[in-house]
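Should a chain be cited, it is by its letter among A, B, C, D, E and F, assigned in written order, with residues numbered from 1 in that chain.
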Amino acid sequence: MSGKALVTLVEYEMADAEVRAVYDDIMETRKSDWINNFWKVLAHDPALLKRTWESIKQVMAPGALDPLTKELIYIAVSATNGCEYCTYSHTAGARAKGMTEEQFMEVLSVVGMANETNRLANALRPPVDVQFQPHD
Amino acid sequence: MSGKALVTLVEYEMADAEVRAVYDDIMETRKSDWINNFWKVLAHDPALLKRTWESIKQVMAPGALDPLTKELIYIAVSATNGCEYCTYSHTAGARAKGMTEEQFMEVLSVVGMANETNRLANALRPPVDVQFQPHD
Amino acid sequence: MSGKALVTLVEYEMADAEVRAVYDDIMETRKSDWINNFWKVLAHDPALLKRTWESIKQVMAPGALDPLTKELIYIAVSATNGCEYCTYSHTAGARAKGMTEEQFMEVLSVVGMANETNRLANALRPPVDVQFQPHD
Amino acid sequence: MSGKALVTLVEYEMADAEVRAVYDDIMETRKSDWINNFWKVLAHDPALLKRTWESIKQVMAPGALDPLTKELIYIAVSATNGCEYCTYSHTAGARAKGMTEEQFMEVLSVVGMANETNRLANALRPPVDVQFQPHD
Amino acid sequence: MSGKALVTLVEYEMADAEVRAVYDDIMETRKSDWINNFWKVLAHDPALLKRTWESIKQVMAPGALDPLTKELIYIAVSATNGCEYCTYSHTAGARAKGMTEEQFMEVLSVVGMANETNRLANALRPPVDVQFQPHD
Amino acid sequence: MSGKALVTLVEYEMADAEVRAVYDDIMETRKSDWINNFWKVLAHDPALLKRTWESIKQVMAPGALDPLTKELIYIAVSATNGCEYCTYSHTAGARAKGMTEEQFMEVLSVVGMANETNRLANALRPPVDVQFQPHD
């Protein structure tokens, strides 16, 4: 947050056509008029930028789960991994999609318990119960 | 899954009154007639057993988020941490609460992308955009 | 636990002099008459074997902390990382150094809470209090 | 450390009775006259605040392990997970309980080696020795 | 390794055209006549299967880095995360691309040291030296 | 980056002979005239400083892998673990050894995909294919 990025930020003005096409699609899809810094660092590798954006666009679209639930899951993973940038960006994203303060705190309550019980299970190594085995 | 647990499984019959009270509450809350192995290893420390169960019971109850969404978040964290036992138990739990195969695969799609972009952000260290800063 | 190691186990009989010297020092230091599998896989790289053993020997020796406390810390890290082999070997090691069942469960209680609160802090990003800043 | 928290800090003056009761118990238990920021962000969810504090209070109390050893384990887990806030707060906590510089560096030596050997074991997958299997 | 997958394996014979097209491309690209189980579980979500395969195919192709170096990096990440399946599959993949036993052990030596020093840095929090700041 | 280290920086002038000997070797080996902050915090424990430096020196030297490849692996692990200091220092180190921007972005592409597929495998638990089992 306080330091410089490891690579420069590729601003729209200095971007080539391939990068601008992705930037344009990001803004159009999100109905916004700016590009956040995550994409500006990925733009040093246009193939990486394009692939990551297209995957995110596909994965976060409405499907069997609604977009807000997907943002909550993104917050859960980012908190577990300790990614500062992702925590700020996806909390903002979830709020923009309607996440209430109460929902945010409940996500974190589940994240906290899951991280706790994951370690208790990994340390004590109880055998997986036959009832939990998937059926054929 | 294949090895022995690090401590013995405390079965209901050999459990003392304090442990049995927790086991009874687990079965009553879940409307089931068996105790899964996770609780049987925690039972070596009745205070840990009771505290963990009561926290889980409180956290996973319906609130600002429904119980299925909470199970999906649990799966997301367990997959990120690589907890085998928790992956099996919470996938079974989510299925029992109605998770479809399509929803399961979508959760994992989000988990996969989040784990990918978390590392891209942690490696390239883009500054957090001012637009993502929480307002006062 | 159930699969084969990624490299073969280098047994004492087939080991060269450099590896045997490390194996001998392990057994002498631990006053035991066998080598556990961890060292047998490292032995494919004698420099790695020797460096790792000498570091472990130095780090786990009595110092400002007693050897049992060091084993408890090893268990805490291994549980957090989900290392199956290390969980079994260091729990056995701690028990051999006198760890009681009650101590084992207490270590895991702390590990569980730390993993929980680590994520709550990483998600909510409270500023570090000035009172916690180290003094000059 | 440099950014804003994801939620506002709930100061004592603006807190409701439920939150104040927890804050009072924290200060009384710790014999201090201030509340650190971790609790002030959790206070957005009074149930989470109360549950986390009561669990921490129970887990960190003297038991089969002394409070300093528990703080050392907390440092070990927080360092492994890379939690900045927790690293500062629990190092301060351990120092307040008497941790010397020498002990601090030894904890980190063990943490470093455990993180190294955890990966060597996870990569090479040596079978768990039968001697490490818990006895019935 | 010992348990059942969380979903059934989608074998070629039972796969629909969309999945078969990906399977065919995997075998053609790799010049092999079988599909490994990772793809057979992803096949429950054809979009996830296709997206993941196409990303992998693009990322692992020769570029500024040769394919073997990319496999070594894959092993390094998988060992760090403790992914059993990935450890076996990418070690096999690297060996098929010519990785020697000596190279394998050297990768793991670096992985071990990086995991150690990552935690020492995360625990002691030395300021990033100005000399390491990227230039504009 | 913005906070103070958890211990003071041991500058050359205030260091004792044991620490200075390591500092001298670092500068001589690297043909540089300064010591980065990582070593200055480790210097609070001269045995830890010496052991870590000598291990790093041995591990990062040319061997079956060239020094640049080793730096790339270090970046991969540091990005996966989210170590800010290590990300800056090893990116600088790799650039000094000739890493191009294209190579840097490709390393991160592989790191991103590996972190994604590691979680898909850990969540879906496909059995390890017999073809991936190491031969005897």
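Throughout what follows, a contact is a pair of C-beta atoms (placed from the backbone, for glycine too) under 8 Å apart; a residue touches a chain by one contact, two chains touch by 3 or more.
As the structure is a computational prediction, the values presented were derived from the model and not from experiment.
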{"item": "Minimum number of chain-to-chain touching steps separating chain C from chain F", "value": "1"}
{"item": "Contacts common to chain C and chain E (chain labels)", "value": "A, B, D, F"}
{"item": "Duplicate of the C-F contact set - from C-E, B-E or A-E, the pair where over half of the pairs recur", "value": "A-E"}
{"item": "Contact-richer chain pair (by C-beta pairs counted) among D-E and B-D", "value": "D-E"}
{"item": "Chain separated most widely from chain D, comparing mean CA positions", "value": "E"}
{"item": "Relative to chain A, chain with the most remote C-alpha centre", "value": "C"}
{"item": "Inter-chain centre distance, chain A versus chain F - centres from mean C-alpha coordinates, in Å", "value": "26"}
{"item": "Averaged-CA centre spacing for the pair chain D and chain C, given as whole angstrom", "value": "20"}
{"item": "Chain D residues counted as touching two or more neighbouring chains", "value": "1-7, 47-48, 52, 55, 78, 80-84, 87-88, 91, 102, 105-106, 108-109, 111-113, 115-120, 122-125, 128, 133-134"}
{"item": "Chain contact graph, described as a line, ring, star, complete graph or other shape", "value": "complete"}
{"item": "Chain C to chain B touching residues, read off their complex", "value": "1-2, 82, 84, 87-88, 91, 101-102, 104-106, 108-109, 112"}
{"item": "Residue ranges of chain B touching chain C (in the complex, touch as defined)", "value": "1-3, 6-7, 44-45, 47-48, 52, 81-83"}
{"item": "Of chain C, residues touching chain F in the complex", "value": "3-8, 47, 51, 55, 58, 128, 133-134, 136"}
{"item": "Chain C contact footprint on chain D (complex, rising order)", "value": "1, 3-7, 9, 34, 36-38, 40-42, 48, 52, 55-56, 59-60, 63-65, 69-70, 72-74, 76-78, 80-81, 83-86, 88-89, 91-92, 100, 102-103, 105-107, 109-129, 131-134"}
{"item": "Footprint of chain B on chain F - complex, ascending", "value": "75, 78-80, 82, 84, 87-88, 108, 111-113, 115-120, 122-125"}
